[in-house]
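After the structure tokens below, expect a handful of questions from me.
A, B, C and D label the chains in the order they appear, each numbered from 1.
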Amino acid sequence: MFRIGGAPIDPRELEAGLADPAYGGVVTFLGVVRDRADDGRRVDGLHYESYEPMALAEFAAIAAEAHERFGTVRLAIAHRVGDLQVGEIAVAVVAAARHRGTAFDACRYAIDELKRRAPIWKKERYADGEQAWKANAC
Amino acid sequence: MFRIGGAPIDPRELEAGLADPAYGGVVTFLGVVRDRADDGRRVDGLHYESYEPMALAEFAAIAAEAHERFGTVRLAIAHRVGDLQVGEIAVAVVAAARHRGTAFDACRYAIDELKRRAPIWKKERYADGEQAWKANAC
Amino acid sequence: MVRVRVLAFAAVRDLLGEHRLEIELEDGSRVGAAWDRLAAGHERLAALRPSVRVARNGRIVSFEERIADGDELALLPPVGGG
Amino acid sequence: MVRVRVLAFAAVRDLLGEHRLEIELEDGSRVGAAWDRLAAGHERLAALRPSVRVARNGRIVSFEERIADGDELALLPPVGGG
């Protein structure tokens, strides 16, 4: 379940999509828009854009890698694009597995790789009216 | 935000309780009732009970330890008691921090320590009608 | 005499048949004496002694700890697993 | 001649002033020639050449890759950070 779009992300819907009576551990990461940049500047909001087909292919590749590295695990990845306000969810990664260790490892791997590889860009809109493209970190 | 009770756990409510414009990373662990015991026996449901005041004190101690180990982080921990069906959430741990590394570390530490230390017990109810107390693993 | 409230959990509760009960012990009794009173004649319950921890008023104590009137003793089977 | 669709993202898009455009190049042209055509006269855009990756029909390629008629070229500024 891989998704990129402008609609608000509903983590519960992603979790429900992975529900399986054999899976006892579910780990969800939410990346939320902060009110400060890493350098301390006050942020009004973010703008995200993506090269969607490549980003979705990257999500699928990352999920397959996690499965291979950590064992049987299902992943849902959703990233929002467009203008976001402080406090909104920009990205969600859900990992479900029989046991929690696998779910934790897969979730963390997926968000780390997503940030590193997926063609998604973030522009910070500052309180003073300026804007700047930044590395897609959390 | 530490809670033990018989009502269904709402992870979104826990997450909302930790929301802070300074926190960009939120990691939620959900422990869900599986349909099989570790030995493969089919499970109809679980029964949890706790020594509530000690368990809540343990939750608070674990959260304080996570804060000390991993840096500024807020934790919410909720555990359900009573009879649970397959697929229901037995335990939820939410960690919110400025950055995701801290949130992942704190969430995982908290659920590992909760399982290891909190006075909470689990009885498996098998499809064949038998029951057995088991270690409170996922 | 000291009167204490006892809370039993999980397997201990099932074997004891009760979650909550009150017992009276002689002045100066220790936690171990409370356990022995409850487990007297219950072979399967008595067998749990090495694995059970006892909390006195919310704090884990040794079986040698002295009991005071009005204490709450909680009998806690092992927790944890993975 | 080959006609290709170009998609520009993030800083590249801002400097180019467009997200999506079409350009025509001589037969046998390489990816680098498409970039040079777009960056001609744009000093700040041209300066991004070392950091920009180009995807041809959804796959990252070198600037030496030959272009075919109908290709989609995506100009991708660096991603990732931590």
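Note that a residue touches a chain if its C-beta (ideal position, glycine included) is under 8 Å from a C-beta of that chain, and two chains touch if they have at least 3 such contacts.
The structure displayed is predicted, hence computed values, not measured ones.
Counting hops only between chains that touch, chain C reaches chain D in a minimum of 3. Ranked by distance of CA centroids from chain B, the top chain is D.
With each centre defined as the average position of its C-alpha atoms, the distance from chain A to chain C rounds to 49 Å. Chain A and chain B have CA centres that are 23 Å apart. Averaged Cα coordinates give chain B a centre that lies 27 Å from the centre of chain C.
Counting partners per residue, chain B has 138 as the residues that reach two or more other chains.
Taken as a contact graph, with one node per protein chain and an edge wherever two chains touch, the assembly forms an open path, each chain linked only to its neighbours along a line. Contacts between chains, counted with the stated touch criterion, involve the pairs A-B, A-D, B-C.
Within the complex formed with chain B, the residues of chain A that make contact are 11-12, 15, 19, 21-36, 86-87, 98-100, 103-104, 107-108, 111, 138. Those residues of chain B that touch chain C in the shared complex are 49-51, 53-54, 57, 115-121, 123, 133-138. Here chain C touches chain B in the complex through residues 7, 9-11, 13-14, 55, 58, 74, 76-82, going by the rule given at the top.
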